[in-house]
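Order of writing sets the labels: A, B, C and D. Residues in every chain begin at 1.
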């Protein structure tokens, strides 16, 4: 009986969600000029969204760019009057620290003290597992912008609660297979060495995705090595890998470890391709890695060198505002804020339940990440990119760029 | 009661005790004297188990105790005081004595947690005994004062009370009168005689010859880790070896 | 059949207890929520309090052990696996976690407890790290060893165990804490507790009084481990996800800080310390990136000015020792340094409309007139400054803070020693915050104006 | 899966040099004060950032620093002096008040943690949490040619500096008046002050030297790994602890030998294919050493020191 009711509720939800909001962007519409929905009329003067990012401790390296991305988006949205004349979007930030406890406290405080249309965050997947249920239980939509762990949007026992959990960050499981197929195809990889951080959930899920993708592509893994977060010396592991003479080194690491891994691999005389995932997708890679970063292949959700108009504008305004190029964390947070605003506009309501439905209905929305949709489990759907570092920039990986890099 | 056979204790090649032989008969008060650094405290440490001899045997009441842990030696009936007073300063006078009765309590954590009647009975019995002991040493009036704040003489007396709280058959007193005046020393001597009267065997390390004369049945003399003489207090005083050992020494 | 009845009765009893507790807790929680401590924070504060008790168990026996984070991990993983995989009742799973932690403590304690002071601390740090690494790798190693058809998945490595049902309720925590508080209260007045205190004060004397030092040390270690195990179970079922890095070195040191901060003079010290260490960063949360620095500073200040921990504030001797004004002056020192800090750090960057200690910045100066009064009160009747004012809580804190500045200044004139700390503190911060130039990239003005602006 | 033994030896050797360099200051403070100074790793990070700021000036706040404003032979001493000053300040703020009233060691441990938190967070406020590096080419980084193994000049420099500072420190402690004073203070503070040693000044000197050593270590890390964050000391902190315990708490030669030993264990546990439980080996060793021989390989019998 209970299940029946639940099924009916879920079905109704799905129907309601799909039917009235099945709208797509019109041709030529850039961000801020999306006319799929009319200018809202019923919004209050202030619409508040919350954001839980890790702003203190070493997690701030990721939380800070996220905060900037959201701030930039909110400023643009208000300037463009995207939510209609006289309506201001306000973002309230709360420090989610670097552990579950702090993110729970932050989420709880945000929701209790504000009338929220939606929450963006938290920074880490583990924090999302801890804090997202609080939002869901209070009927507030939460949109993860950097959570990549498997099963995040289906974390609750109760499926209705899951309906409130979204993410726009492409999981490693979506990014990496593409990266591996493409680089195997172009570079003809046969044997690779793998190195990954085994004490971090992000790098570990990255490794899982790599391992599966390599197996699917029938690439032999000659050696697998691990490291721990905060390590600085990777030479012993890299010596081992290089000693086995692989065609490529596959790395699952966050940027803090990615740079030294690349530098040390080059130092040890390795000149072949190095393949990384989302964690590598930061301008710090070539800013800090310099020449060593040349020829590093990065599979990611967003390409800073993407020719798409939205991405270029975003990169320019961000660089201008903060004096540093955006990384993927900033891009995904920026996109997240725009997605939420769009949902508010389309729902013409600041009520989280309405925003939720509008968010779920987003299809083929043009974003800096590409043409963006949510699938039925509220996971993002958009084309991942495969890039290669060349002359201190990310370029798309193609036959030509690969040939230039490796002289084939 | 207590026998030491060829007990030696070396510290990194330096012999603090060398082939010491000593016999303490049941119910006697035995003095142990010797110049500073002669090894008296080391000997007491070996008997009470805080230190163990490098070689030799220590036998208490027929049981070898030289390799036993201190708490088991105490359980056999040996108790001691310290030269430099070592009270539990953060506890009250009464608590110090009650801790001394540890081996005579049986109540466990569970007893006390569930407020077993047994626990109350035991607590009140221990408290009564402890107060009686304090009275005996004339420090009952300061029972609820922190031990650290007691006067020097009271601290000395409390240490003896605590040593007696284990209900020992052998008490080792390490310079119990250090820092006391003549009157206090004499009172303490009477306390020792009272222990003697109660049938407790006493070994007392002392510099004060008056006290030795007052209480001891027999005296052993230790010099540079070797037992150089023993006998009745008067006889030992005449011993040329002892005089030589103390030559130039005030005592 | 009979067992089922017994279980039913036990459940009914617990249900009754928790109902009563909930009734009593509701108004308190509402009050707390009003001053910024909402229920999840209160829960974590209570879990910290339990952890404080667990380290009190060992410290009270003179054992400088940092193993409690490791035991917490054992307890958390075991109890979570029990509820998640085997559908165990919450209470049973907690018990399982506690037992597992206690069992692990036995073989660890026997060799390690011979060590003293820092050596014991380091060895237990090593133990904690080993626990963390084992939890990280147990899946892969077990899979390698037994080579089953499907990979063994017990701890899920760095991913942690997620989707844990949220079973921890405030009433559970309060109940357990009352239980433990009672246990310690009874313990201090029993043979068992006296033996432990004796060991802490003088191990050698304790042993010659017939106390089996090895036994009691191990008991303390095991009991501490079990309490930490329960705390782990509670925290796992409160955060809904557990990962190995939650129980690393940082946590171990944190737990020690609870005890030192709260004070070891009384069993309530670690409870207060644990709660304070959760509450302080929570109270300073609005400072965002400055929270960490300020929490560190508060920790330092408390250690320096309240050497016997926060509990000493409640002891008359603290206020009397060293003259009538000593206690007030010490608090004043904390106040001054805090003001110096808050002025030098966040306010420079955040702008003047930000709040300080729950008070609007300009209020501070406006309320300066009350300063003399506050100093007078703090120095004479320190215990009564609490609830007498009808002013809002934040105003009282603000007034106190301001009063303390002046008190601190007077203190400095009275006795150069006290002011010296403050001066050095200021100097250190000046070097850090002043000499190193101000970083333009950290400006907090919204970027909207800057997009077209001149910011290069 | 064969092992490139010579290269792994080189890896172990120079990593050992870095560990030793970090552990020297740790060991010095322990030998003089009997104190575990957990803020040492924060001082270490301060050293690296003082160096970075000296090298690049205000540039570090805005962009990646691309060229040295000042030559490297000024930057390294500046980092050492800067870290030394920070270290003395930490002593004055976090330890001196406690020492003055004979507070338990445990409190000093906690106050060192408070100091570390304060320092690291101040660094983060000034420099941000993102990683920074010294400009490319601050020090030649191309491997020395003509060798069968890869070894870079920075690796050789780090090794030479580590060994050099170790010998300097050894001579300082064993041969000079200052060293004698330090040892007396370490033995007994009261005896020392009765003998006319200025105890306070000795502590300050010890902290300055320890800080300078940490600063040098921070610079070497920064130059070698090109990855500096305010939190860079965290992972080294525990390693350093292991190193000084293994070598013998408070022994200077022990710190060096411990450093090389730990590095060797790490590198060869990786070389033999168990990089996943590399740290387990290290901490297991720590645990076993403490249980079997608590004073470490070279430590004297200081059992009762805290």
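The criterion applied here is as follows: contacts are C-beta pairs under 8 Å (C-beta built on N, C-alpha and C of every residue); 3 or more make two chains touch, one makes a residue touch a chain.
Predicted model, so just to flag it, every value in this text is computed and none were measured.
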Chain whose Cα centroid lies at the greatest distance from that of chain C: B
Innermost chain by mean C-alpha position: C
Geometric centre distance via CA averages, chain C-chain B, whole Å: 45
Chain centre separation in whole Å, for chain B relative to chain A (CA means): 75
Whole-Å gap separating chain A and chain D, where each centre is the average of the chain's CA atoms: 37
Distance between the centres, which are taken as Cα means, of chain D and chain C, whole angstrom: 29
Where chain D touches two or more other chains at once, by residue number: 62, 121, 124, 128, 276, 279
Chain B residues counted as touching two or more neighbouring chains: none
Contacts with two or more other chains, residues of chain C listed in rising order: 136-137, 289-290, 292, 440-441
Which chain pairs touch, all of them: A-C, A-D, B-C, C-D
Chain B partner contacts - residues on chain C that touch it in the complex: 182-183, 186-187, 189-195, 197-198, 201-202, 204-214, 219
Of all residues in chain D, those that touch chain A in their complex: 1-4, 7-8, 11-12, 15, 18, 62-64, 121, 124, 128-131, 133, 136, 141, 143, 150, 152, 221, 225-227, 229-232, 234-235, 266-267, 270-271, 273, 275-276, 278-279
Touching residues on chain C, where the partner in the complex is chain A: 33, 36, 38-41, 44, 136-137, 157-160, 162-163, 165-166, 235, 238-241, 243-246, 282, 285, 288-292, 440-441, 446-448, 450-451, 455-456
Complex contact set, residues of chain A against chain D: 56-61, 64, 198, 223, 225-233, 235-237, 239-240, 242-244, 255-256, 259-260, 263-264, 267-269, 284, 287-288, 290-291, 323-324
Parts of chain B lying in touch with chain C, wherever the complex brings them together: 48-50, 69-71, 73-75, 79-80, 82, 86, 88-91, 95, 98-100, 102-103, 105, 107-109, 111-113, 115, 119, 122-123, 162, 165-166
